[in-house]
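Structure below; questions to follow.
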Amino acid sequence: MSSQPQREMNSESLEPRPRTPMSDAEARNWLQRTWDDGKGFTSWFQQVHHTVIGRRYIITAFCFFLLGGLLAALMRIQLSHPENHFLSPDFYNQVFTMHGSTMMFLFAVPVMEAFGIYMIPLMMGTRNIAFPRLNAYSWYLYVCGGIMLYVAFVLNTGPDVGWFAYPPLSGPDFSPGKRADFWAQMITFTEVAALAVAVEIITTIFKLRAVGMSLNRIPLFGWAMLIHSFMVIFAMPAVALDSSMLLMDRLISTHFFNPAEGGDALLYQHVFWFFGHPEVYIIFVPAMGIVSEIIATFSRRPVFGYPALVLALVANGFVGFGLWVHHMFATGLPMMGYSFFTAASLMIAIPSAVQIFCWIATLWTGRINWKTPLIFVIGFFAIFVLGGLTGVMLASVPLDTQVHDTYFVVAHFHYVLIGGALFPLFGGIYYWFPKITGRMLSEKLGLWHFWLFFIGFNLTFFPMHILGLKGMPRRVYTYLPQNGWGTMNFIATVGALFMTAGVLFWLYNIWTSYRRGPLAGDNPWGASSLEWATNSPPPIYNFDELPTVNSRTPLWTATAENPVIRGLRIDDREVLITRVLDAEPDHINSFPKPSPWPFWSAMATTALFVGSIFNGYALYIGAIPLAFTLTMWFWPKKHEIALEEAEGVRR
Amino acid sequence: MSASIANSQQPPRREIDVSALPKTVFGSGQSILWWGTMGMVVIEGTFFALLLASYFYLRTRVTDWPPAQTVPSLNFGTINIAIAVLSLIPNYLAKKAGSSFNLAGCRLWLTIMSLISIVCLFLRWFEFSSLNCMWYDNAYASVTWTILGMHTVHLITDGFDTWILNIMMFTGPIQGKRFMDVSENALYWNFVVLAWIPIYLVLYWAPRWL
Amino acid sequence: MKSISVAALLLLSLLAGCAREKRSYQDQSPYVEQAPDKVVQSDLHPGMMPPPSSYEKNVYAESAYDVAEGQKLFEQYHCSGCHFHGGGGIGPPLMDSDWIYGSDPQNIRATILEGRPNGMPSFRGKIADHQVWEIVAYVRSLSGLLPKDVSPGRSDQISLGTTPQQTHPQYEKKEQPGLNREEKPK
Amino acid sequence: MIRLFAFWAGTFNDHSVTEAMGRQAAVIAHEWWFFFAVCTTVFIITMLFLARALMKRRTVEDVPLATGPAVLDPRRERTLTIAVSSAMGVTVVTLFVLLFVSISTGASIRHFNSKNAVTIQVMGHQWWWHVIYQNTAASETLQTANEIHIPVGKPVVILTSSNDVIHSFWVPNITGKRDLIPGYSTALWIQADKPGRFRGQCAEFCGHQHAHMAFYIVAQEQNDFDAWERAQINPAVTPAPGSLQEKGMQKFMAGPCVMCHTIRGTDAGGAVGPDLTHVASRSTIAAGTLDFNHENLLKWVRNSQDIKPGNKMPAMQITDDDLNAIVAYLESLK
């Protein structure tokens, strides 16, 4: 077992609970020492604090975003004119599959969770995320899954069956080699990681809230992450099951999707879209939380219609599971069922509309502070509303049979996902960058970024609506000159150039501002939620004193009446656990210290997953190191024992 | 500094002293460990539910069920689930011993639970052969094997967990949180057994009834 | 250490992947001697007719794509009409380890090109050379002569109730009580 | 309305959703324009409200952030509640209207069928379309590929199926798409209201050459259709002895072509590639990729992999003489 200097120190230097009075500086020193995850190469693999892991998550997710964007650029070049030979069909198929898989599994979901990991404990006013080691483990797994996929891609083993990987095309008969296996196994990696984070976030929001933050005072981003996490928990097992069935069909000759032996290719689609549709909301719901936060802060008033917004998020969560069949309208299933799914698909417009109206109402009555985060949110409005409306069109069965699997759909979901998730996310970066780094991003470069990206986006994707109506199917590597799709495609490619330029401005902005940007201070935007109640960047223990809350906008209503939390040890990672409903103090939990075992467990898991692609025995052999590392992970630690010996079991 | 951070120079503020709060709790929904366990339970429950739904979906795609095969024989499966259901009693006692910090009780009932997990796994071995098919025969066989295989994975992990916990109970060090582990481990075994009941009915009786 | 072994595993398997994942459809291979009248069936011996030197080691046997193509061609060119899916019938089974005319790629190629007595026709001039090699690779995969990662998995058709085409240890089917392979419809 | 948006199309577009030439596509196009109008209106109204909200007043430049947020005026909040609720009411009503229109459109498409329809079986292959006109007499059953002739104004039922992967049958001017899923066979009703030649393309990703898997529906007057059908049922013409075509036929039968293609009336009976009995009567080759003409045929037969990489027809290395002969033979197969 590895031992760490400060761990030894803590177990030796056990003294009675340091209580007040104690000077603030002294208390901070203690907290710093207690919560410090250490520095240096070996410590890096042991760190567990949510800001550390959250930062890694955010950076990793955006690396994958850039890779996915690069692939998109390749596709746009290939499609810029008819009969282009820039990419071979084989490579193009890998590229578009990698683009979709990267954006969905390695960027969109992880980046939302990343912001959740970083922000939720701060917003809830606690010192760390629940299950911090699991959190570290999930990041290692996520990274390993992504690296595995890209290593495979570089070695010409990139999946080439679409991000949806429908059998039989992805099955053993039509996808020889290991390409589809890597795709399916990447799903397993990211699923495990996403599920772990979902459990952490639910637990954090339910049990680690600041005293006084009853359910009806949780910030909307908190609600959004809560709904997101519940959706992950119910949706992700579906795709994990689906990709497992696909892997088994491919590797051990099961017949789930072989119609000749009683299997069924549509089973895959049902299970996939049972995940795949909620997936859209999994990506989009946290973005709604970000929008709510930004709108409140920059219109200088609490968001209008908090209960309605929360209910809308919940409704999104529920209805999102009831419309998966609208991805299968072209399969020729019985019409009766279709009507139900049309109704459900239209119904989901209602919660989205509630949110849009509430936000407009907030802006209407607010005092507007024109800053880049808000500008990105305005961009979000324009794009997302358009995308939502084309979504309403797609809900209709007859229309869907015409435009399904055409560029109309490509346009639609890019409007929804880039408009509905990426624009708020960019807004969120401009909003929270000062909190995370302590420095402001440049407003001027931010405007360049916004306008290039906004114009480029619309140039790229608006023509695709028309292309779809003019009969251009998705996932084609080229098209014929006489089809008449050349002009629109060329415009789209030009738009992609603009988007690229926008992203470059953004990167440059981050690069320079991180080094030389103006210092932010604790609360540069005058925002209301608890993450702004601490330094920027937050200390490793998050808060000098645990905050308490007396309204939905705690920093706007905080008074001297707010009580102070006393009595948590500061020589141990004690965290106050509160009650689910009213967030009154309930009990205390000692949070784990840094550990190398999440890393080793992730390595063992990776070996098992990757090995099993090549040999079934990897499942048995790989289980041994996995069991060993997991056992070591949970094995009692010296300092915990010492602490408990000092103070006895507290019942 | 923003408003909610206390400043010691100012007049004394109302304090909430949490130093007397417990660190070891057993209530439903009380500890974060409970929420973690329930998270796992819900995730895996969803997985099983979808797997069973796939079973019935595949059923609708063929006329004979099981296709051209004899039905699975009941013996081992029935004995095994009977043992599993009965094991809920020692499991409950283990949970109770855990939440009352009864070390001797924990050792006793955990030992019994460890042995039961071995017996269940042993019987499970024979269950596979009593399915009367191999997973590569057809879709029915594939889904049947997968359901039973998935559940076996749960048996193995929970059995492993029980063994480790039991060993810790004997070797020490004994911590308050170990007793919480005993309680959560019992909760998880309840899930393994509860999930087993529909699985048993589907695997062994659905081929007879459908 | 584990990370090193993982990396090594990745590297090894994926370097192998380069050949395994090759899609060689742009290969232009000749039809072997477009002169059906020259074919003499009986006095050919295995190995007599060396293949073009570039195919000395049958590059197509290293690519999963080509082996899978071979599998499809095996059906499309009606090889399965006599050999079924490797189980044999009118023609000899190909899944076992008995080889009447030799198991070397060149032997199998010669069998396909020149035909054999008692019914195996000659396909000389009818099948592109690289397709012949693909079929050769597939035929060899049936009896487990190819590495597992290039051998095709099960195909999307009736599996004849036999074993998966991969060489998996579960082939001890007869040991399972109550299992009878013959019960399955052919 | 369609004319209003004619700038979208310019000249007539033979693969466009909005230029309906079939009964079903017309119904859907109507629905499309209705949805388009409603959604555009909603979009504009929402954006106007948003613009108004943003431009209403002032920024906070003059009010320091530290002074805290606006104090909420309860009366104004009540007004907002009423405004948002009414907007929601309008939204719900609109959605119900859209639902009604959608379902009634679906119903009018669904109830469209007939007892004496032309029945055409369409099978998807990687990457071409196998078309079979079933007839109780086997000799009257005709097979063709990548070109579907139908009579104008008569209901036609397309029975779809697939033997390999999932494809999707889609002719935008005629009707919406239908997936071809292995293990499933579905019936898709179509009816062309005007004669013409309409392009269709596979709409479900199906592998390497998904991009080059097109076909045409040729809608003809009943007389023309009958004539076409009669001609197609005939076996292939036999070339005159000693002609270049005859040499081509020999090359075809002796070489690899015969392994995959069928030419009725000859020994060629392969089922891997398209039926070539009347290939010269079709307007395109390679599943709508190339026009049927001499140069394209030469190019295609010599090395189809250059044009459609990954397709199932291997590259040929044959002499120019043989190639010319084979192409001449193919051109004679009217």
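For this structure, a couple of remarks:
Labels A, B, C and D are assigned to the chains in the order they are written; within every chain, residues are numbered from 1.
Everything that follows uses one rule, which is that a residue touches a chain if its C-beta (ideal position, glycine included) is under 8 Å from a C-beta of that chain, and two chains touch if they have at least 3 such contacts.
What you see is a predicted model; the values in this text were computed from it and never measured.
Summarising the inter-chain layout, the chain whose CA centre lies farthest from the centre of chain B is D. Interface comparison, A-D against C-D: more C-beta pairs in contact at A-D. Centre to centre, using the average C-alpha position, chain B and chain C are separated by 46 Å.
Mean C-alpha positions place chain B and chain D at a centre distance of 51 Å. Separating the centre of chain C from that of chain D, both taken as means of CA atoms, is a distance of 37 Å.
Counting partners per residue, chain D has 164, 182-183, 208, 309-310 as the residues that reach two or more other chains.
Within chain B, contacts with two or more other chains are made by residues 61, 136-138. Listed for chain C are residues 23, 154, 156, 159, 164, each touching two or more other chains. Residues 164, 182, 208, 254-256, 258-260, 270-272, 303, 305, 309-311, 314-318, 322 of chain D are the ones that touch chain C when the two sit in their complex. Taken in their complex, chain C has these residues touching chain D: 23, 25-31, 34, 36, 76-77, 125-128, 130-131, 156.
Within the complex formed with chain A, the chain C residues making contact are 2-3, 5-6, 9-10, 13-15, 17-18, 20-23, 63-65, 67-68, 71, 148-150, 152-159, 164-166, 168. Of all the residues in chain A, the ones that touch chain B in their complex are 17, 19, 21, 23-24, 130-131, 134, 195, 198-199, 202-203, 206-208, 211, 233-234, 236-238, 240-241, 244-245, 248-249, 252-256, 258-259, 261-264, 267, 270-271, 274, 522-523, 530, 532-534, 543-545, 547-548, 554-555, 558-568, 576-577, 580, 585-590, 627, 631, 634, 636, 640-641, 644, 649-651.
Of all residues in chain A, those touching chain C in their complex are 90, 148, 151-152, 155-157, 168, 171-174, 176-179, 249-253, 255, 257-261, 600, 603-604, 606-607, 610-611, 613-616, 625.
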